[in-house]
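Look for subunit A in each of the two complexes below; its partner is subunit B in the first and subunit C in the second.
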Partner chain A sequence: MTKETDQLIVNTQTIHELIKTGKRLDGRSLTDYREPITVQTEVSWTAEGSAMVQIGETKVIVGVKLSLEKPYADTADQGGIMINAELLPLSSPIYNPGPPGMKAIEMARVLDRGIRESHAIDLKKLCITPGEKAWFVIMDIVSVNDDGNLFDAAGLALLAALKTARFPTVKEDGSLDYKNKTEEKLPLLKQPISITVLKINGALVIDPTAEEEFSADARLTVAVDVNGTISAMQKGGDATLTLEDVDGMVGLALEKADFLRGKLE
Partner chain B sequence: MTGLVQQERNVVVPGEVLAEGMDYLPGDNTYREQDKIYAKALGLVNVNNRVVKITSLAGPYLPRAGDKIIGKVVDITMSGWRIETGTAYQAMLMVRDATMRFIRKEEDLTKILDIGDYVVVKITNVTSQMLIDLTMKGPGLHKVSGGRLMKINAQKVPRVIGKQGSMITLIKERTGCQITVGQNGRVWLRGTAEGEMKATVAIKMIEEQSHLEGLTDKIGKFLGEAPKFEKPVTTPQEGGEQ
Partner chain C sequence: MAYTKRLDGRKNNELRPMEAKTGVVKNADGSASFKIGKTWAIAAVYGPRDLNPRFLQNPKKGILRCNYGMMPFSGSGDRIRPGRSRRAQEIAMVMTKSLEPVVDLSAFPNSVVDVYVDLPQTDAGTRCAAISAASMALADAGIPMKDMICSVSVGQVQETVLADLTYNEEAHEAPVSDIPIAMVHNTGELSLLQMDGEISREDLMKALALGKEACEQVYKVQVAALKEKFKK
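Right after this comes the complex of A and B.
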């Protein structure tokens, strides 16, 4: 039986050997991001906010849509957020068409948690009439090309898209005019960004390529805001992490969060 | 009207008329319909005497008997291994074609080749149903160990190898890497970490700029330092069409 992953070449053995000497396949140091890192905002006129982020060969687009909905019964005075990730089959040989797979669901949830738990968006300000009408922020993540580290690229794109999103015009009859945006922006309180640190053959690695992701033992995604407050964490992979590992990973994440956030300016 | 419609080195798309009349013969990637010759692939027009052919710019690898390719073991059967070759077709490597050693009936085949292993193999036969038979017996055919694999467009393989292997020899000498290029577009390199990396970048450069003139010089310059050998000056154009 041939699997989709057979089309992907993964040099696990060499990656592991090189990591031991502090090297990587593409010549980067263990804690370097790939070049170029580009952030392009307002790439889609149909979305209220959008951004395309490229890290090395990895490319991802995030779109933010806003709509008026009835608030949830338990949070009648708040708006809501929804994040959905779609990993397109064209972006990697391992993705299939159809309902979202494990990775897409995990990615959406990790990024959702980063935004939600840091209270980055002032949900109370999104409410218009408690129990009746509130703004809902719907964020869609679409992978254009996956050469690893979609998590960080999507997180960066998400923040960039949220920062540029503008409300649509509300017409007199209550319906929305999406073609004419107002100048009003989303009530962003914090700017969480998520950084993924991998453990490969005992070493901590930043910004993995697709090959490295498949060779990794474990990973930890840490969402932090400008002040270095951690709002969410997600561990993945089969291997265990020691206390020192987590310490090192969080330290690296804090350091790299500032670096990545600098790319937004 | 008769004669060539397209000029040498023109880029054509499938369906474009290349020549009219019976003066020309259809070569690779072309076909004749009534008195016209049409393109079957996206590529560059190549005219050799009366034969019009197209050097394809992109497209999948089609297996041919005699090709050396790099495959991946995906399944183990009673009598051999199923190999994934980067084509749409199935390939089989029989036990008798894999090793010189005598294999007992109850022997564990994973000791010889396991699922996930890469192998440098040669295509011995391609049936009319496109089933591929492979062999690992022969010079330069072996199981891949260490180093790194990369994938390139199979149509660019001749360019990476160069005329009489000039390009690949250049890369091997300047980077000190051992390099095997499979006709199916998989390349295996083994050397120092720095050498492997440099060779990888050079091969990617060739893949991207294969249509440009003077590529050998460019690659030579990229790989740095004074050339260790004189390049043949008689080559009218760089390239690897054999």
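Right after this comes the complex of A and C.
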């Protein structure tokens, strides 16, 4: 069976048969990440923090911008965060120009929860004057080449960009001098990282290529902190998961989280 | 206040350091990265492929369609809201016009060649970097082309005619002029010419002559990068 997406022709049957025997099209084991995994920080001088991550042929850039805004009324003593994802038509023949689609929205929201719900950024420290002025952290994820597993690549780039972000200078009149950064870094309390596990033809698979993503039955993304605490999860795909599946997927995610986070050193 | 010494110490005809590479987007049929100073453009070409909706199709030849986008964090000030602004749409249009004269799509009726250019960081000269990158990506994709398009900005700060202005130079005290141009390399003809600011007719011609020389330098970098792919 070949499955035709908009522009990709995916040999689902071959992928399913191979996975049954524990193999994959590119020769990896089911739970290995592609090589190389590279993290390059400070790739954009105009962003306060930035990183480009490559996993196999998947490439993604994250840029962090900081701005001073009025805090939300219900959290007057806190700054804020926002994550946005742009799946550029540049990065894959299946993406079209226009407002973010469901995939981009889902990815941004899941990664947002991973950072927000783990309290990775000390939002209270971002507040300058309660009710009046606080720092807002805006993270933009931009795909450059989508060959599958953008989720994990974006999560890794996000963490790398946050770790290297530096505040702009605040001028005397209160406006920002973005061209001159201070040495001050973001108050990061945690280091949540997202790991995505796929279920393809009954087997659990890590780091899917674009073809494998199209052949998958279900997906679970798990955001994990250094100590193994889970801060966000999202099940995707059409098929259901048994409790054994979930246990296995979370176990695999915990195992791989340290490995992926290790790429930041 | 004469502008005798450039803010970054360059000679008047000197471009910022350039870096170019092809094949940076593996999913695309052709791609290129072009950096000039702190302005960085990534271009990807998809096609020729089916063009939908069908009323846009041309039964005589394929059409070229450019897209230009600054990444949200790529501006030197506040974050840029995603989505195509009027500015981005106009730049996409002039990019298409600047590349069309050398691209021959007569063999691909009813189809489209999509060129997407996105910039992770910018410091003036973005449409020129975008065009230079796009021209390389089209060549990398094997699209029939008569020539390369090389693009650079020239201009004038006070009385001094300069090549490749930075953001700080564009923001210099008036009179300042900014003239992005694109050149068909072999004929020396212009396929992009825009200008804003203030300049005299004599200085305009001086600037364009400087631009021709500058485009030659861009061309060398483009060709070297395209050849690099076939070295191994």
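Here is the rule we use: the second predicted complex is superposed on the first by the 260 of 265 C-alpha atoms of A that agree within 3 Å, B and C clash if a C-alpha of one lies under 4 Å from a C-alpha of the other, contacts with A are read in each partner's own complex, and residues count from 1 in each chain.
By our rule, a residue touches a chain if its C-beta (ideal position, glycine included) is under 8 Å from a C-beta of that chain, and two chains touch if they have at least 3 such contacts.
All values reported here derive from a predicted model rather than from experimental measurement.
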Margin query: One more residue to check, A:P97. First (subunit B), second (subunit C), both or neither?
Written below: second
Check: Touching A:N11 in the superposition: subunit B (first), subunit C (second), both, neither?
Finding: first
Next item on the list: Look at A:T242 in the shared chain and tell me whether it touches subunit B only, subunit C only, both, or neither; answer first, second, both or neither.
Entry: neither
Note to self: Contacts for A:V142 in the overlay, against subunit B (first) and subunit C (second): which applies, first, second, both or neither?
What the structure shows: second
Margin query: According to the stated criteria, A:N227 is in contact with first (subunit B), second (subunit C), both, or neither; which is it?
Written below: neither
Check: Touching A:V43, do we find subunit B (first), subunit C (second), both, or neither?
Finding: second
Notebook entry, point to check: If you stack the two complexes on chain A, which partner ends up touching A:N180: first (subunit B), second (subunit C), both, or neither?
Noted result: neither
Check: On subunit A, which partner touches more residues: subunit B or subunit C?
Finding: C
Note to self: Under the contact rule defined above, give the subunit A residues that sit at the interface with subunit B and also at the interface with subunit C.
What the structure shows: 7
Note to self: Help me check something: in the complex, which residues belonging to subunit C touch subunit A?
What the structure shows: 24-28, 38, 40, 42-44, 46, 49, 67, 69, 71-79, 82-84, 114, 116-118, 120-123
Checklist line | Residues of subunit A touching subunit B in the complex | finding: 1-3, 6-7, 9, 11, 13-14, 17-18, 21, 23, 25-27
Notebook entry, point to check: In the complex of these two chains, what residues of subunit B are touching subunit A?
Noted result: 72, 74-75, 84, 86, 146-151, 186, 193-194, 196-197
Margin query: Can you tell me which positions in subunit A touch subunit C when the two form their complex?
Written below: 7, 43-47, 50, 52, 57, 59, 61, 63-65, 67, 84, 86, 88-93, 97, 99-100, 138, 140, 142, 144-147, 178-179
